[in-house]
Amino acid sequence: MTDVLDRLMANIVARQGADPASSYVASVFAKGCDHALKKVGEEAAEFIVAAKGASLGQDKHLAVKEAADLWFHSLIALAQQGLNLDDIKAELARREGVSGHQEKASRPQ
Amino acid sequence: MTDVLDRLMANIVARQGADPASSYVASVFAKGCDHALKKVGEEAAEFIVAAKGASLGQDKHLAVKEAADLWFHSLIALAQQGLNLDDIKAELARREGVSGHQEKASRPQ
Amino acid sequence: MTDVLDRLMANIVARQGADPASSYVASVFAKGCDHALKKVGEEAAEFIVAAKGASLGQDKHLAVKEAADLWFHSLIALAQQGLNLDDIKAELARREGVSGHQEKASRPQ
Amino acid sequence: MTDVLDRLMANIVARQGADPASSYVASVFAKGCDHALKKVGEEAAEFIVAAKGASLGQDKHLAVKEAADLWFHSLIALAQQGLNLDDIKAELARREGVSGHQEKASRPQ
């Protein structure tokens, strides 16, 4: 039985190249890379606003919705480059044996 | 058998309240909400730069690494509010019966 | 003779509370703080995309337009909190006697 | 008599190519375009967090400091592409005769 994230990814890939009027995902693909990345920035900002609001007593569920939107749009942007959820999972799996402090130290500043 | 994202989430939750010197995740928790959200913005920017670069012929795998970092830090920020990966999955599952165009229309501008 | 940034700021302040249909600035004010901050994130992403594109040979002027949009929306967001361009200038003037390395060291990580 | 923003811009340009150890600005130039754009994203996130916090009763001056940081780093990123503050001012001046609603309608979605 597949996970909802796997189903979402499959759904995104299936809509690549479809008529932009047929679905929201198809319309984002049709607008191209710059548009999808603008949406990632917009959703990141909405997540930041919602999480900061939650920390000060506002509706916590809004942060969840914005996180879902952020992940969704980052998957579309990855799909535009021929990448997908399995690539993220493989990268996270690769890091499992490595501490975060080591991971950070291994990267260019 | 668990998915790597589930294991990552469990790992994050387990480190909440731990000695900041003991792990990178514990150090982010200790610095608080504003710091975690700054990291979300930083990782979103790095993802945007890497994906734009990939669209113009640069290393595609960098976009995957930055997406993994973005998702990782957004999970830490959710955990700080008592939320987690299952909340994102539940939100995405709730949307499965709804088209993206309907979803967008249902939300405040 | 005033600078264009001063005129822009005066223009923004003059539209606070005006009929949302009367101008774009009035419509952003009417939608509230979260909306203005979402726009800041969106414009930051567009600036990042355009500047990265410029570094790889794409149109440089697009980066200028996105920077103008980013500054414009950050001024609206400041105005919503009763702050304005003179506050930014005063902060920058305060830093003139301080090196950037000192400034950075004086701030919480 | 020059404006503080003009002085800041002149200062940034003067440090391009200088020894990275000599100033913070020189160190950002030395790290390259991707690093400067990461800083723009980080500062945008910090501004969003601070402005959202200010809207809910937290320190307003923090939003000013973060706006100053955001503008400062966006000027460095522009300078890396051979662009500067005068380009932003020219773009804003060009828009003075155009309503924001017209401006928005003239742009690709």
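For clarity, chains are labelled A, B, C and D in written order, and residue numbers in each chain start from 1.
One rule holds in what follows: contacts are C-beta pairs under 8 Å (C-beta built on N, C-alpha and C of every residue); 3 or more make two chains touch, one makes a residue touch a chain.
Everything quoted here is computed from the prediction, not taken from an experiment.
Enquirer: Can you tell me which pair among A-C, C-D or A-D shares over half of its residue-numbered contact pairs with B-D?
Expert: Among A-C, C-D or A-D, the interface that shares over half of its contact pairs with B-D is A-C.
Enquirer: State the pair with the higher C-beta contact count; candidates are A-B and A-C.
Expert: A-B
Enquirer: How far is the middle of chain A from the middle of chain B, if each middle is the mean of its Cα atoms, in Å?
Expert: Going by mean C-alpha positions, chain A sits 8 Å from chain B.
Enquirer: From the C-alpha centre of chain A to that of chain C, how far is it in Å?
Expert: That gives a centre separation of 26 Å.
Enquirer: By the touch rule stated above, which residues of chain C touch at least two different other chains?
Expert: 34, 37, 40-41, 44-45, 48-49, 52-53
Enquirer: Can you check the complex and tell me which residues of chain C touch chain B?
Expert: By the definition above, chain C touches chain B via 31, 35, 41, 44-45, 48-49, 52-53, 56-58, 109.
Enquirer: What residues on chain A touch chain C, complex-wise?
Expert: 34, 37-38, 40-42, 44-46, 48-49, 53
Enquirer: Show which residues of chain C lie in contact with chain D when the two form their complex.
Expert: The contact residues of chain C facing chain D are 3-5, 7-8, 23-25, 27, 33-34, 36-37, 40-41, 44-45, 47-48, 51-52, 54-55, 60-61, 63-65, 67-68, 70-72, 74, 77-78, 80-83, 87-93, 95-96, 99-101, 103-104.
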